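Structures given as structure tokens follow.
Consider the two complexes below, in which subunit A is the common component and subunit B and subunit C are the respective partners.
What follows is the complex of A and B.
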């Protein structure tokens, strides 16, 4: 394999990554919430969301174990100890602005906390609570 | 596959004057199987925060292994060296054509198509380790996280092709390539073998890898994979708030 072939492969990989990364357009957290609520077929409940967030569902962790009971400030990863940026959108403009990313992290974190994926209703509840948190 | 090609494929193994000799030195084999373990383990633990430190540790190990392999590709034994197996596209095309014809070229070391997979795997492993390190340490942006995942899935695809290639060429050449990556031996002319297995280097690799894992275990905030301390802390916090 000559050098130009290697260069081309690397360039293709980088380009592919860049296209994938920029392919997702930014949306407002409220739009993501509206989507989840529509899928759930019921209006979200911030109180239920807060409850879900702070409860350990028969496992070792709650969402708050890493994000903190008040996700208006940085949390601390429960196994790596790394700082995690605030989750509430009013305190961290990057949060919940990319549907694919939001779905991915709900999938991962719900599996860690509840041992299953969250339903649309549960995701809508949690997001509605996070959006209700204001400075 | 025709009768003739079966005969030809078997010819090297049956040729007079061949015997089982060492082709893959010990560092090559230990590298290979440690890389398998690291990539598989990191892939399986990718989704869970509970296993995040294991994932990261296996990823860094993979990076270290590849760094070693690059050096060994310059200084190792005959078939471990890049100069022995890195070939241009023309050689790859010629090899693939020889397979299609049913008269596969025999290579004692890596064949040109296999070499291509190896270079892709090494390159991807470097890209995955670097982007994983950057993501874990909040250097760079979200795009690096995407890149990390895309590259890891690409590597899984190349692993699939590599395994398929090893199985197919084992069958075409009537030689057990998977077994050869375990005991290092192939049925070839004695003068084609390598003299030393470099077992000391392989043992040193194992010591360094196990030592690194032990250090990571010690440095983990909760004293390892178990998350007792953070959970206890969370428990206490919940208790303070009268939440339990």
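What follows is the complex of A and C.
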């Protein structure tokens, strides 16, 4: 075992420990946005994101039906009434810190509201708008 | 510095705690035990975002299996999961299904709220009460059972909204 193998082993152990401790790897909302924008191949537009969020797309619900038109506050599930924590990261530190969770909810909710999944560009638009909402 | 003992402790501790919680719950109330089963953390995480975590014991295994294989069309909403998580939850639900003492047969729409025992137990609730804005649906257990997010459906903790 040479020096670099040992270093690599230690690094792997530390990483493993971090993953064990947190369950999932935490990321920052800005990193998720950067990922979506890169996939979209174009810069995001907060104005388009707001528009998408607050309009209905042929179905019964808009995003705002559950999250509120100002997702800086808690929302309420449109059919079950259960409280939903604020969506804008500046008002809820847990938001957009776990890519798998974020992707899961985008998939489900875009499907409910638009009858299809959102594109990377649409997800980047919405997230860029949410990130622009500050106290 | 040996990593193994710590790792083992980390694995063993949650198991020990779960066992202790189980023993405590069993001692505390024999009758309610089925409803107060300690929930799998993943079940709590995945199945309590839109409503309470319904007690696994209140539906038969076949109902849970059908529910879990049709999450994309789940009572008017998309509740789809990745296959590995869905499989893990299905296994756990099936293993803990049907333990509530009155469960018999598969209710319509695989709804707890349409089980024969449920209708019997709630026959004193007025029709107008189910329609209150604060209730809206019989599936909204927590509107009346104030501790139902803890698996507690005891009469003591019922408050009917007005």
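Methods note: the second predicted complex is superposed on the first by the 112 of 135 C-alpha atoms of A that agree within 3 Å, B and C clash if a C-alpha of one lies under 4 Å from a C-alpha of the other, contacts with A are read in each partner's own complex, and residues count from 1 in each chain.
Basically, a residue touches a chain if its C-beta (ideal position, glycine included) is under 8 Å from a C-beta of that chain, and two chains touch if they have at least 3 such contacts.
None of the values given here were measured: they were computed from a predicted structure.
Looking at the overlay, does A:81 come into contact with subunit B only (first), subunit C only (second), both, or neither?
both
After superposition on the shared chain, which partner residues are touched by A:69: those of subunit B (first), subunit C (second), both, or neither?
Touch partner of A:69: subunit B, not subunit C.
Is it subunit B or subunit C that touches the larger share of residues in subunit A?
B
If we overlay the two complexes on their shared chain A, which of subunit B and subunit C does A:112 touch? Say first, second, both or neither.
In the superposed model, A:112 contacts both subunit B and subunit C.
So subunit A touches subunit B in one structure and subunit C in the other; where do those two contact lists coincide?
The overlap between the subunit B and subunit C interfaces on subunit A comprises residues 13, 20, 77, 79-82, 107-109, 111-112.
In the complex formed with subunit B, which residues of subunit A make contact?
The touching residues are 1-2, 5-6, 9-10, 13-14, 16-18, 20-22, 54, 60-62, 64-66, 69, 76-82, 98, 101, 107-109, 111-112.
In their shared complex, at which residues does subunit B touch subunit A?
47-50, 52-53, 56, 86-89, 92, 115-116, 119-120, 123, 127, 136, 141-143, 146-147, 150-151, 154, 220-222, 225, 227, 230-231, 234, 237-238, 241, 243
Using the touch definition from the top, list the residues of subunit C that touch subunit A in their complex.
Touch list, subunit C to subunit A: 3, 10, 49-51, 72, 75-82, 134, 136-137, 139-140, 143.
Note which residues of subunit A are touching subunit C in the complex, please.
Touch list, subunit A to subunit C: 13, 20, 77, 79-82, 100, 104, 107-109, 111-112.
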